[in-house]
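The following pair of complexes shares a single chain, chain A, combined with chain B in the former and chain C in the latter.
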Partner chain A sequence: MHWEYAPAPQAQDIVELRPSYGLFIDGEFSDPDDGTSLETVNPATEQVLARVAAAGPRDVDRAVTAARRAYQQTWGPMPGRERAKYLFRIARLVQERARELAVLETLDNGKPIRESRDMDIPLVAAHFFYYAGWADKLEYAGFGPSPRPLGVAGQIIPWNFPLLMAAWKLAPALAAGNTCVLKPAETTPLTALLLAEIIQQADVPPGVVNIVTGDGLTGEELVLHDGVDKIAFTGSTEVGKRIQRAVAGTSKHLTLELGGKGANIVFEDAPIDQAIEGIVNGIYFNQGHVCCAGSRLIVQESIADAVIDRLKRRLQTLRLGDPLDKNTDIGAINSPGQLDKITELTASGIREGAERWSSPCALPDRGYWFPPTILTRVSQSHRVAREEIFGPVLSVLTFRTTQEAVSKANNTPYGLSAGVWTEKGSRILWMADQLRAGVIWGNTYNRFDPSSPFGGIRESGFGREGGRHGLEAYLDVR
Partner chain B sequence: MVTSTRVEPAGSGYAQWPAMLVPGAQLSEVMASEAMLRRFLSGLPGVDQVGTELRAGALSTRSIKSDAKLWALDMAVRMVDLTTLEGADTDGKVMSLCAKARRPDPANPSVPAVAAVCVYPDLVAVAKDSLAGSTVQVAAVATAFPSGRAGRQVKLADVRWALEAGADEIDMVIDRGAFLSGRYNMVLDEIRAVREVCGAAHLKVILETGELETYDNVKRAAWLAMLGGADFVKTSTGKVSPAATLPVALVMLEAVRDFHEVTGRRVGVKVAGGIRKAKDALRYLVLVNETVGEAWLDPSGFRFGASSLLNDLLMQWTKQQLHCYVRPDDFSQE
Partner chain C sequence: MYDERIGVRKTYKLAIGGQFLRSESGRTYVVPDSSGTFSANAALASRKDVRDAVVAARTAYRGWAGTTAYNRGQVLYRVAEMLEDRYLQFGEAVSAGEGSDEVKARANVTMAVDRLVWYAGWADKMAQVAGSANPVASPYFNFSIPQPVGVVGVIAPQRSSLFGLISVLAPVIVTGNTAVVLASEERPLAAITLAEVLATSDLPAGVVNMLTGRISEVVPVLAAHRDVDALDLCGVPADLAAGIEEIAAGSVKRVLRSRGAEPDWSEPPTPRRMLSFVEIKTVWHPIGV
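Right after this comes the complex of A and B.
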């Protein structure tokens, strides 16, 4: 019998939205000196959530100056065990206010509350806890007897995991003794600003963390500022290259975590039902707005039809709709610009000969939506097999021999992630050796842990976040 | 150069997977010999433990509210096999259980009768008598329940005895010793023999998953039962811990879904043991809904073997209607 789940919306009154937000500089919120403001929108309803300051050059300078002062006077000289206390405090406050953060993240980003509640926010807390533990043990991290911090870190983060990316950047930087100027993404600044409140609540000394909201121009000011010792960027390869050009020849340290076109490789002896879940989790998790998404399914030809049939059946059970509904699996696309890009790239795939199948789910009238989609008959030369779509669109390729799987997987300018599905453990290890990617998952996909380093090679960037390796990006190891 | 380094384990035979798991495949071939059967079962796609548990865990976060919850409580009541399997069972206890099965909540006539009452063979006649004129079926555990440690003739006699006393459904146990030692043919033969004795009676095959060790084994045992002609595959006797779990149910649901795809025959799943709360029952129903779909959301597709679960379902039902909780003693206890 048919059973329709009743709406189960998460109450949003836990979040108190202010009509406008200033910049968080030197421990206080202030209006921009020479900046402007921008609106942030709920992508599921197109309603304006709040006005947020867009920092100008003088604002960025204020933030960097405050960070420098804090680095020299409070945070830099502070013993690691004291810094750890603040980080533990932030982690606990994130846990205490987890529901509030999750709801706000879903409102601002469009991701399902199930994901912000069960993935994003718990991982944020876990990241702060993990690096809090490192703060007084840096001399044992393998970077020499007394590794020094770099100074002021300028950190620019994307909109796909707004708060999680803030945590990935701030936690290791602060543990290592740096101070930070963080620029959240233009379309998703709100949880970072709530984190600023938590940082105030945790009594972190003024200037240690500064949050300057704004668009690309603000980011550019931050990258070009002379007072910054380190730039850490997560975002598109195109912008990453521009940043790398801008800091070339300066003394600034740089780490980049850029795009990807992850290969999810399924062998004929794979645990098939779990592989289907892994494919779904690889590309439809967070609407495919995941840099390490398994956007290319490379499946052995003997089981390709069976896998695609099962995948289609499974996609029809994915629930697309109100991101605040606790039973929603697929939320809204973050912005109209991103929706256009997904639509355009998918159309190019069809023009080039791919076959499109989309889950026949109804799309809401308002907001930005794209149904879970599979492109079959894709060949290596198609744009949809080469360019990052950053949406819920899976390109399917097949292989006959293991060598073919390896060469197809590696035939990309990117090198962030890959997945291997097989019941044979030795084959996973062998494949991991052959695949050119920073992260390789065996019989799983899109699993994260603060103790495990994450990062890419080639056009996916350089530097690692997470784990002991993540400290290296914020220590003077030369 | 790469493929030459791959040494397939003997008998893995996964290349047969597509051939044997496509709609309309001749499954009688796989039962032609011990070797074929073994090859087929070990060639079934593997089950990854971590992934299975993650999926079951993710589905258990579904939030079932208002009308959807009421619908599910109603369905869950209709899926209950109200069970008593104690050495101390009396005629009186069985009669009172049957009264409860016919009309779980006398205060609320909208609550339907349960699916069946499940007892030992010696109490079938009592149950049959008490349930006369109702839709409630009488199920008997047979084949030397719960251990299954008896000779074939004894097991079949057990089944005949239950059927002669009027049982509509037989819950048999598989020979776990034979299964775990790889004598698949022996297990299959026994299921087929019981099936034959059962005739038109409904046959549920208990895998006792708590003794099977791996999800791969659960899947293989489920296939064996289906090949042997089971109408239902059932997780547990309730006498071994762990009994039913969500991941085990997920693996079995995937197996019945695949079997249906190949043969067109719909086999049901019964979870039994340790399911006491309405919340747990709802989680199983979500699993059914999102794994095999609505065709199984019916007492002919899914059952709960339970006793105390029923009262919690009734309590939640009343709560949905009155918007407050009532006392446990407002419902009869068996």
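Right after this comes the complex of A and C.
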């Protein structure tokens, strides 16, 4: 059955793009002192959206100095109940401007409006709302009777959930009483800059949140700056290791949320319709640009062929194209660099013996696109089973016994997430105990909640974001 | 008539996987007592010994992490019992090694026993204190529990050869981790005797592997080993710490930094050391009819 869809475009005029954006330092936008600028592009059209400042060393220094001053003079001495109200204000303002944020996120990142509207932005508001309530209750958080903030937090975030990652970083840091210098990703700076406007509207004191856009060099300046007490980083394991090396021997606190190669394990007794949707959501959600993506399907041999057949049928119904169309399931790959990486790794899979199947959907002429893809005949030694692809590419492995499923799932230096699909509740809990990962989803995948701690083990990093545990990253608990 | 009895001296060995072994390298180093007189030769652990110890710790990990918290608590309490039993012996060892008088040394041993008892009681409380049930806005039972990180490399304090050692070792193992310990470089003998206590305390072989040797030789190997999940750098001198941390970053190890001067171990402990060697696991379990 082939369904025709009428176009259902989300109007863009809700967003007012400026031709260029400065740095948000000490409560105001300013041009860089010694920085440069870079273009941010709509990955679905290759059109330049705006020019954005790239902060240089003096700019980063200005931001850290402003954050230090705010920490000492306003935010630090402020009672938690007052900090809380600022955070509640931010949550409300995000809700009020939710559609505008969603459209801007989709323009800058390439993700479908359905996801930015229904997932990213509501979770942003929820995250601020959740942590707002902690600001005046820290003494009950289980980190001692009067836990102290760390000071100035330098926070570096990725491009896959630009505003959501900003919220994950800012909300707990501010609730705990720290001030922040946030460095958004090079290719997705715009929603963070809109958040800066929201922070102005909320009358948050100057310097409490500073946003320095730029590339990796800006991030490096921030990591190395002596005035920073804490570094929080979300991104690749490779860069995470560099940051951990850079803070070695200093007194800087560090939390890292890094890559993953999540196993999505499907037992033969699984609720299959649900599991198919879960596999799709696990790896094709957000074009697979998800650190906790279920990029390895580990399916019981007895149902493997049936699952793969159904998966292929399901993928053919996914609509790839204009991310602003409300019926779009698969948006654009965020950057040409990422597209190259996905293409190269997928090709390596075929060279090493995997079999490729891609959804036969048409790709738009402009923009960066990769069709939903399944690799079968994958063995554990293949690069596509070991390395994070960060794209809509699923590697399929099979198992016979439960123990084999556990061994294969754990056969990775990463340890961020895993999914288990089975009708047996007891088996979900047994598997959850055996799997080496920070987050285990039973009969679901890629589900997030501000009250639920998220983070990895092993080379997926350390520290938690979300929940009571997420406060620990921003409190002096030693 | 010859009436002087010649004492039987102990050979101090490495403790790896429940066995007491000489260094595979055949090397030893001289351990003087606090007055500088020859006291014993300790094994000088090699890189191969470190790797063997990590293998033993990894092998023991599955079983030890899988035991019930109640059981782990009892095992630690059993260690306390064994140590209490030998407090005169350890008093002598600590006194000889650290140069304190025997009364003070014995007090040191009893504090170590009490520290073990304190930690033993934590085994079945950690998940309740550090875990949570999370009120997610969807139909899932969402809970978070602390899990051991795995194999932990422990560089024991340099000065307090028994009490300090117990204060860093107990929090690592009570939470379900297994350990590769490098004993105090200058004062390693009490640690080896402690390993003999551990071997008779229901602690499964390989849960604690005790090495003696040089920080500069052993610690970089531990820090670089990809099957070591975390490091406690307590006994690492400040000038070596940065280099070790840099090596540890190669496999994103959790590192409990050395804090410069050795802590005053008689200060009341907090759960911090245990929390440094657990990581939170969050499980989403479906709810439905």
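Remarks
By our rule, the second predicted complex is superposed on the first by the 475 of 478 C-alpha atoms of A that agree within 3 Å, B and C clash if a C-alpha of one lies under 4 Å from a C-alpha of the other, contacts with A are read in each partner's own complex, and residues count from 1 in each chain.
The rule we apply is simple: a residue touches a chain if its C-beta (ideal position, glycine included) is under 8 Å from a C-beta of that chain, and two chains touch if they have at least 3 such contacts.
Worth saying up front: this structure is predicted, and the values here are computed from it rather than measured.
Of the two partner chains placed around the shared chain by superposition, chain B is the only one that A:Glu423 touches, whereas chain C remains out of contact.
In the superposition on chain A, contact of A:Gly461 is made with chain C only, not with chain B. In the superposition on chain A, A:Ala248 makes contact with chain C only, while chain B stays out of contact range. In the superposed pair of complexes, A:Thr401 makes contact with chain B only, with no contact to chain C.
Judged by the touch definition given at the top, the superposed model places A:Thr444 against both chain B and chain C. Touch criterion met: A:Pro453 reaches chain C, while chain B stays clear of it. In the superposition on chain A, A:Thr317 makes contact with chain B only, while chain C stays out of contact range. More residues of chain A lie in contact with C than with the other chain of the pair chain B and chain C.
Counting contacts as defined above, chain A residues 443-444 meet chain B in one complex and chain C in the other.
Against chain A, in their complex, chain B makes its touches with residues 1-3, 5-6, 12, 14-15, 17-18, 21-22, 45-48, 50-52, 54-55, 61-69, 71-72, 75, 254, 285, 289-290, 294, 297-298.
In the complex of the two chains, the chain C residues touching chain A come out as 129-130, 132, 134-138, 140, 142, 144, 147, 149, 226, 229, 241-246, 248-252, 254, 270, 272, 275, 279-286. Those residues of chain A that touch chain C in the shared complex are 126, 142, 144, 237, 240-242, 244-245, 248-250, 256, 258, 413, 425, 428-429, 432, 437-444, 447, 449, 451-455, 457-462, 464, 467-469, 477-478.
Of all the residues in chain A, the ones that touch chain B in their complex are 1-8, 114, 118, 268-275, 277-278, 302-303, 306, 317, 326-327, 401-403, 406, 423-424, 427, 430, 443-444.
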